[in-house]
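Okay, so subunit A shows up in both of these, paired with subunit B first and subunit C after.
Entry: the complex of A and B
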């Protein structure tokens, strides 16, 4: 068995949002081991990262939606993950993103988020979405602003304070 | 569930081994967050982490083609435990694992389930050897492994559990499951 086939494939100008392959674990584990993952629950050891990676696949089965693997179409390199997450204990479904080392600054997160957000509204009827953002994560705040989000309130997620940013509804989307 | 995974449904006299279903989550959470019951398996600190474990097992099925089944008691339809083949990152090799939930122990259900899961791994997955990883002090699991014909092979450091004992199960031939049964002395009694 390989990638669960029911994960839809979305195509944007530069990117493909798709389901999971076993080899997608390696760039994810490298990201999860690095300081870059500090805003998304990391850094994680390799076996913790594996558990997170597998849980992300199971999330699709349990919720019917989840995080896509984001692949750069031209190079076929995996550049990160974007999608909708509703882990147990979350306030509501979240639009989440992380871009791996070496691929940031090219607008890939924005491009993938726009596609994922629209798909979630049209196919899962999840709109308007929110995103959890650590107040120290200035890059993510800039991206949220570019995506038309606004700060809504301070919340706690699993005992950790963070900000809840609200995305525009369908009419306000890019 | 939206994703359709190819998880078989196996039977024993008293049990159905089947795909984990969303309705099982509460039973898993109760087990995984109870340190007294789950210390030998891996305790999760809270419901969100136990939920993540539940999702992880489904992902394990999706990528490996095997994982932990939910054990359903035929008589009542209740989920009563977990058994199957487990091989997460960092594991020495695939293992047969088993657990029974609170209130279902002492009836031989784990033996029944684990024996069926092992048979499935040998005959349907084509595995040629299997292990069970048992934390030192988990005497009940050692007794069950030995009842299944497994023997202590070595101690090692498990990424998740720390010091761990690796038990080796008899192979398919010794269990009479392969075509070339060699009648070796570890044959299943």
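Entry: the complex of A and C
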């Protein structure tokens, strides 16, 4: 199908950010079923994960932006997803990142986020972005700080309290 | 009364809108005597949510909350790019007014492609659902060359049961028996099998 060709492909030192293939569902579902997905609406059953997987592609078709699949180029392994999300009830577009089990701590989230937000700023004029972070998600807070974000305010998203972190504008970006 | 659209309900602009338009071009536009069936767009979500958040949402996952309706709206759009079929927004050609949705769905658990429909309350009773469903059926068996097409209809949904009959679909009792073990207690499900020219061959 034409998803991969329509969704822009971004290349960083180690990673390729690209559109979706059906085989990307397996690592997607494994992450969605894991305890680690609790900060991003999980854990989900396999059926729920299938809905979410199709929805992630539908987001691109409806908005013209969305979350990329992040592939580690050398190993060709999918290490997570990064990109811009604007869901029902969101205050504004959000830069989101999900790094799958076994691929944390290697700087992939940082590398992919830097590329994704620069693309969003330069091609989409979506800047400065924000990220919603669960206050208990210390790993994501550390990444936000490393990305040059600052805590802006406490908000509620779909009835759940969370923090809104603001990314720098183009001039402040890594 | 003017209603301010929330930020997330607004369509994208500029290059994002252009990319969305390129992706939406995958969805063939179907026209009938009175209707235009086109790709779902962000502006359709409010209408979609109003339609599905009620007893008539059965063909579209029967969401209970706006959040679930949103997930289904994105899903039925994304299905196009994984399955090659998905949902159309049904509009009145004369005015562009949104009347409802018809989809060839890929719900988890479905054993074959499913033809489903929903109309707004105001649009019911005018034959629009049949007109739209016939166009989608022709697309399914024609250009899409799908090997089969069914509709799963709640046994209590008399309006949809009647439409399935008018479309010339026939009950598949064997499939109903096969699906019976996964139904909730008290639930009844009619499986209607569609045929290319309407009636069974």
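Keep this in mind: the second predicted complex is superposed on the first by the 171 of 174 C-alpha atoms of A that agree within 3 Å, B and C clash if a C-alpha of one lies under 4 Å from a C-alpha of the other, contacts with A are read in each partner's own complex, and residues count from 1 in each chain.
Note that in this section a contact is a pair of C-beta atoms (placed from the backbone, for glycine too) under 8 Å apart; a residue touches a chain by one contact, two chains touch by 3 or more.
Remember, predicted model here, so these are calculated numbers, not experimental data.
When both complexes are overlaid on subunit A, subunit B and subunit C end up clashing with each other.
Shared-chain residue A:86: touches subunit C; no touch with subunit B. When the two complexes are overlaid on their common chain A, residue A:135 makes contact with neither subunit B nor subunit C.
After overlaying the two complexes on the shared chain, residue contacts for A:47 are found with subunit B and with subunit C alike. Contacts of A:123 after superposition: subunit C is touched, whereas subunit B is not reached. Counting contacts as defined above, subunit A residues 1-3, 6-7, 20, 22, 46-47, 50-65, 87-89, 158 meet subunit B in one complex and subunit C in the other. Residues of subunit A that touch subunit B in their complex: 1-7, 20, 22, 25, 45-47, 49-65, 87-89, 158.
Residues 7-8, 12, 14-24, 26, 39-42, 45, 66-67, 69-82, 84, 106, 108-109 of subunit C touch subunit A in their complex. Looking at the complex, you find that subunit B touches subunit A at residues 1-6, 22, 46-48, 50-65, 88-90, 159-160. In the complex of the two chains, the subunit A residues touching subunit C come out as 1-3, 6-8, 20, 22, 46-48, 50-65, 86-92, 123-126, 158.
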